[in-house]
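Below are structures written as C-alpha cells.
Common to both upcoming complexes is chain A, partnered first by chain B, then by chain C.
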Partner chain A sequence: MDLVATILVDGLIYAGWLFIVSVGLTLVFGVLNILNIAHGSLYAIGAYASASLVGAYFAAGGDAFPYGSYIAMILAAVLVAVVLGPLLERGLLRYFYGRDEVLNVLVTYAVFLILEDVMKLIWGVNPYFVYEPYTLLGTVEMGSLFYVGYDFAVIAAAIIVGLAVWLTLNRTQTGKVVLAVIHDAEISQTMGVNVKRIYLGAFMAGAFLAALGGALTAPMISVTPGLGVNVVIVAFAVVIIGGLGSVPGAAIGALMVGISRAASVHLLPEAELFIIYFVMAIVLVFRPEGLFAKTQARKI
Partner chain B sequence: MMTRKTRIAGALSALALTAGLVTPAAAQDDTFKIGVITFLSGQAAESFGVPAWNGGKLLVDMLNEGGKLPAPYDTMGFGGMKIEVVVVDEAGGATKQVQEFRNLVQREEVDAVVGYVSSGDCLAIPPVADELKAFTILYDCGTPRVFEDNSFEYVFRTAAHATMDNVSLARYLKSRDFDVPSFAGLNQDYAWGQDSWADFKGAMSQLYPDAEEKTALFPKFGAGQYGTEISALLREKPALVHSSNWGGDLQGFLIQATARGLHKRSQLVLAAGDHVIPQLGNKMPDGIFLGARGVNGLAANARGGELKELTDTMWTAYEAEFDTFPVQAPFRMWQAIFGLKTAVEKAMADNGGTKPTDEQLAAAMKGLAWDAPSGRIEMALAGGHQAIQPNAIGTTKWNTETGKMELVDVEYYNARCVNPPEGMKSADWLAQGFPGAQCD
Partner chain C sequence: MMRFSIFTYAAIGFVVLAAGAIVLPDWAMFLFAMALAKGLVCLGIVGMMRGGVVSFGQGLYYCLGAYTATLAANFLGVSDIFLLTLLSAAVCLVVGMIFGPLLSSYRGIFFAMLSLALSMVLYGSLSKMSFIGGTDGLNIGAPTFLGWAPEGRPLQTALYLYVVTIVVISGALMRVYFDSEQGLITLATRDNELRVEYLGASVRNIMAFNYVFGALLGGIGGTIAVLALGHVDPEFAFWTTSGEFVFVAILAGYLSVPSVFVAAIILELVRSFSNLYFPNTWQLALGIFLLIVIVALPSGLGSLVSRRKGQDT
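And now, the complex of A and B:
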C-alpha cells in the first residue's frame, strides 16, 4: 500500500476516535464556558462501563447475537451521561458559572482526581477486557496491509456523531436555542429560554460523547486505571487547534492531529509526540483563538 | 495549679506511657519488621505491585507458621523472629517515596526496607538509605544505573538488572537458528523502554551483525492506540519485532497487533511479557518468544531440577490463595525475602544469635548466594550489592486440552552467560561482545 495512502488511513482512524472525544469537550466549553478536565474521567468511566456491560451481555448468552454488544456499548455511554451528567452539572458545576475560568479548571481537575479514585473503588485496579466487538467485523485488506473492520466503524461513528451534533445545533429549534445561549445566556434567559435546562442538556451530551469515546475504545485495549489522563491532553490540543467551542474546528483539529501524527510515526517516529504540539503551536501563532473560534473583544 | 487528682492522673498516664513504650521494645527482639513498598495503585499495580505484594504476604505467612517450606527455609520466621510487615503504596513519584522511606525508617523503625518497582524510585532512594544507614533491598526495578553509576553501603538489589532480559532474547534467537535479516522495535517512551531497546540492539549487533535495524517506535507510556505503529511495522516487514512493553500497554498492543496479523508477518519477541498471560489467556497468540525477567512464572514451573520442591510449594500455595498462577513479580519478591532471611540468619550466626543491626545485615548480605524458586541468586556484581540470576526464554503455546497457556522450547541461561562480569558496565559489555560470558 502506498505510503501516503497508509498515512491517510491511519490518520483518519486516529482522527475519528479523537473527534468523538474532543467534540464533547468543545461542546461543553461552547455552552457552559467551562474547560472540563473531568472529560478524561468520563471517557475512562465510559470504557469501564462498556467493558462491564459487554462482559455481562456475553455472560448472559450474547454469543447467540454478538452484534448486540455494540448496543451494550452505546447503552454504557448513555448510562454514564444519565447518571454522572446531572450529578456533576446540577450538583457542582452550576455553582461556578460565571466565575473565573481558572477556578473552573481547578474545580473540574478536582472532579477528575475524585473520579479516578471512584473508578478504583468500583472496578478495582485489575484490567477489564472485551475483545469480542473488536474482531466481530473482520479485517479489511488494503494493499499489503490488513486493517480491522472495527477501526472503520469508529470512523463511521465519528461521522455520524459530527453530523448529528452539527444538524442538531444548526437545523433544529433546540439547536438554535442552544446557539442563542452560547451567544448570550443572560439575554436568552430574559427571552424565556430555560438556560438551566440547556446547560444540563449540553453537559449531558458532552458526557455522553466522552463516555462514547471510551466505550468504543474499550474493545481494543485493556481498561485500566489512569486511562483518561493521556486522552484529555490530546483532546485539549485538538479543541485548541480547532478553536474552543467550535464543532467543525474539533473535526479539522482531529484530522490535523491524526494525519500529522500518522505521518510522523511513519516518517520520523522520534517526533511523534512533538508533532501534535508543534501543529498546535503553529496554528496558535497565526490564529491565537484557534482555526474556527470567533475573535472576541478583550475586556479591559 | 495542679490538684491532687491531676497529679495522680498524670502519674498514671506516665506509667501507662512507660508501659506502652516498654512493651513494643520488648516485643521488638522477637519480631523483625519489614517495610514493603510496591505499587498498590496506578498502572503498575495490576502487573507488578499487587502480584508481588500477594506473593510477599503469602511467603511471610508461611515463614511465620514455620515448617511449610523445604530446607533451608523450614525454620520459623527470620532466625526464630516473627516477621511483621508494613506495606506502603509506591504510587506518587520519587519525591513522595523519599518521604515514605524516611517515615518507614524513622517513625515505623523497620528493620529492613524491601521495595521499588519504578527505576526512578530505585535511583532516588539509595542515597537516602545510606544517609540514614538503613538496610534496603531493591527487589524489582531494572535500570542498571543504580550500581553502575554509584555505590552504596546499605543498599542491595536482589534481582538482576534489565540487560539480562534482552541479551537472553538475542541468545535465544541465535540458539534456535532464527534467521534475522532485519528487526524493529516498539517500546514505551521512557527509561525502561529506551534502555531495553538499546540493550537489545547492542546484543543483536554482536550476535546478528548483518541484521538491518528498521524502525524503532516509542509510543508514549499509556498510549492505548497502536494502530499507526502497527501499520508502520506491517509496511516495513521486519523479520522480528522487539517489545519490552508491560501491563496495559502490552495488552493493548497485542490485542491490536494480533487482530491485524502482525504476529504472522513478523516474529514477536517480548522481553518481559509473561505477566499478561493470565489476563489474555488464549488471546495471547502462539509462537511468541517471551521472557519473564528471570526464571520466573511458567519458565520456573517447567524447569524441574533441585528447586522443584521449593517452586512447587510456592506455586501451589499461590494458586490456591489467589486463583491464578504466579507471574514474574511474586518470584522477584520471593527471592528478596528468601535472601533477607538468609542474610538475617547468617548475621545472627555471626553475632551470637541476637537481632542484627543494619551494619551486620549489610555485611551478611554482601556477596551472599541463596536459592529461590527463580534459581540460584548471587550477589556477584557491584562489590556484592547487585544480584545476578539465571534467565529463561520460551515460546508461547496454548494447550487446548488444559485450557492453559504453556511455554515450550524453553532455553535456560546460566547467570554468568547473560549478565556482565563484575566491574564492567552493561553498555561496555555489549559493545565489546560479551567478554567473560560463561555460557556452557
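And now, the complex of A and C:
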C-alpha cells in the first residue's frame, strides 16, 4: 500500500513540474504553430535567473523575511519572459510564420544551441545552489514517509497555473480572441484582431511558464549547463501525448508521464530513462494525433 | 541514356572523392570520412523528406549499426569491415522493417516525434546496460579488409576509400530509386497525399519503403563512423545527434544527392573550425550558421544547382 501511495505522490510531484513546462510549450504551439525547442533554454535560463535573484535576495539581508525569496523566483521568470520573449518572437520567429513545421523546429533548435552558449557566457560553467526556498516549507509526514513541503507547493503552483491558463482562455475576452487566432489567424485579422500582439503575448506567456518551471526547480537541484536538453524532449512527449495545443491534454499527459515515471523508478529502475517515450509511443499507436487533438479537414 | 549518365556521374564522384586519399592531410581525411559516414545517414532522411516526412530519430539506426559492429567485433571476433557492414545493415534492415510499417501512417511532427521517441528508447536502454559499457560505451579495434590489416596512414586511407566507395554506390542507387516510378510517387506524396491514394498507389507502402532505406543507410553510416572513431556510446542515439542529421538534410534539400554529402562535409568543417577558434562558444557559432542557412537557402544547397539549370524537379 505504501508503495502505491509513494508512486502516486512522487508521480504527482513530477507531473506538477512537468505540467508547468509543458503547458507553455503547448500554448506556443497552439497559437504560433511552432514547436519550440528553445523552450528548454528558457527553462534553463529561468533556473539560472532564479538562482541568481534568490542568491542576491539573501545576500541583501533577505533572511529577515525568507518567504520573499518566492517572490524573487517569480520575478525571475517574469524577467526572462519580458526580456527574451519579445527578442525571440519579434526579432526572429515572426519571419518564419506559415513555413514548414519541421523547418521551424530547426529554427528553434538553432536558437537553443545559441542560448546554451549564451548561458555559459553569462553564468559560467560552475553549478549554482539555492537551497533556502526548498527547506523553508518544512516537511510533511505521510504514513511512514516524509516529504518536503516545497514539493507540494510545486503541485499547488501547477494547479494554479493550469486554472489560470484555462480560465484566461475560456472565460475572458482576450482568451476568446486568442482562441479565435488559434482557429484561424487570417480571418481573425480581417475581423480586426491585432494578431501580431496575440502572437507576442502568447509567446511571452509561454516563455514565462518555461522560466517559471525552471525557477521553481532551481532550489531543488544544482543549476548546471545542459539543464534544458532533457527537459524539452520530455515536455515534447507530454504535449504530443495530450494533443498539440491542448491545455487539458497537457495536464493529462503530464499526469500519465509523471505517474508512469514514478512507477518505473520504484518498480523497474532500468526503464526510467525511456518509460516516457514508451508511454508516448503507446498513446500514438491508438490515438495518432494525441489524446485531445482536434480533428482536421484534409485538403484534396 | 539516363543510366549511362548516372554511371558517368558516379565515376566522376568517385574520382573526385578518392583523390582526397592522396591530397588530404590526416586530420582532414578523418573529418571527411566521418562527414561522409554521417552523410549516408542524412541521405536516408532526404529519401523520407522527398515524401514530406522528416525523421528526428535517425540516431536510432546510426547507433544500432555502430553497436552491432562493435558487439560483433568484441564478442564474436569479427574484424572484417565488409562483414561488419553487412551485419549492421542486416540488423538495421530487420528493425527498420518492424518499425517502418508502424510509422508509415504518421506524418509531420508526429512522425518526427515518434521516430525520436524510438531513438530515445534505445539511448535510455543502452545507458542502463552496464555490461556493454553503459553511458561510457565501448571501444572497437581497427578493422581488417579481407584479411589485410593495415595500420596508421594506410588504415586511414583504406577506411576513407571504403566509405567513398559506399557513398558513391548508395548515392547512385538512391538516385536511381528517386527517379524510379516509386521514387516519383514519393515526390507526388509530398505535394498531395490524398491524390496519390486516389490514383491507386499505396502511400503507406512507399513511406515504409523509404523508412527502411533510411534504416539501412543509417546502420551503414553508423558502422563506418564507429570504425573511424574507434569508440561508440549511447550519445549516438541522443536527440541532438539526430538533430544534426536533420540539419544536414535540410541544408542539402531534397533535390540533389551529392548536395547531401557536401552539406555533411560543410557541417563537419564548420563544427571543427568553430571548435578550434571558439572553443567555448562553438554551439553559438553553429546555431548562427544554422539560422543563416535556413534564411538564405530555404530549399537547401540542391536548389542552387537546379535553380541555375532552370528546372524544378
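To be clear about the criterion, the second predicted complex is superposed on the first by the 296 of 300 C-alpha atoms of A that agree within 3 Å, B and C clash if a C-alpha of one lies under 4 Å from a C-alpha of the other, contacts with A are read in each partner's own complex, and residues count from 1 in each chain.
As a working rule, contacts are C-beta pairs under 8 Å (C-beta built on N, C-alpha and C of every residue); 3 or more make two chains touch, one makes a residue touch a chain.
Because the structure is a prediction, the values reported are computed rather than measured.
Asks: A:120 contacts which: chain B (first), chain C (second), both, neither?
Replies: Touch status of A:120: both partners.
Asks: If you stack the two complexes on chain A, which partner ends up touching A:229: first (chain B), second (chain C), both, or neither?
Replies: A:229: touches chain B and chain C.
Asks: Could you tell me if A:144 is touching chain B, chain C, both of them or neither one (first, second, both, neither)?
Replies: In the superposed model, A:144 contacts chain B only, not chain C.
Asks: Who does A:185 touch here: chain B (first), chain C (second), both, or neither?
Replies: It touches nothing on chain B or chain C.
Asks: Scan A:273 for contacts with chain B and chain C and give back first, second, both or neither.
Replies: A:273 contacts both chain B and chain C.
Asks: One more residue to check, A:216. First (chain B), second (chain C), both or neither?
Replies: Neither partner.
Asks: Counting only touches as set out at the top, which of chain B and chain C does A:84 meet: first, second, both, neither?
Replies: In the superposition, A:84 contacts neither chain B nor chain C.
Asks: A:111 contacts which: chain B (first), chain C (second), both, neither?
Replies: After superposing on A, A:111 lies in contact with chain C but is clear of chain B.
Asks: Could you look at A:135 and tell me whether it touches chain B, chain C, both or neither (first, second, both, neither)?
Replies: The first partner, chain B, only.
Asks: Taking the contacts chain A makes with chain B in one complex and with chain C in the other, which residues are shared?
Replies: Of chain A, residues 120, 229, 270, 272-273 contact chain B in one complex and chain C in the other.
Asks: Under the stated contact criterion, what part of chain A meets chain C in this complex?
Replies: It is residues 35, 92, 95, 99, 101-103, 105-107, 109-114, 116-118, 120-121, 229, 233, 236-237, 240, 244, 270-274, 277-278, 280-281, 284-285, 288-289, 298-300 of chain A that touch chain C.
Asks: Within the complex, which stretch of chain A touches chain B?
Replies: Result: residues 1, 3, 6, 9-11, 13-14, 17, 120, 125-127, 129, 131, 134-135, 139, 144-148, 151, 217, 220-222, 224-227, 229-231, 261-262, 265-266, 269-270, 272-273 of chain A touch chain B.
Asks: Using the touch definition from the top, list the residues of chain B that touch chain A in their complex.
Replies: Within the complex, chain B contacts chain A at residues 40-43, 45-46, 50, 189, 215-220, 222-225, 227-229, 231-232, 234-235, 247-248, 251-252, 255-256, 259-261, 279-280, 283.
Asks: In the complex of these two chains, what residues of chain C are touching chain A?
Replies: Listed in rising order, the residues of chain C that touch chain A are 54, 56, 102, 105-106, 108-110, 112-114, 116-118, 120-121, 123-125, 127-128, 192, 194-195, 239-240, 243, 246-247, 250, 280-284, 286-288, 290-291, 294-295, 298.
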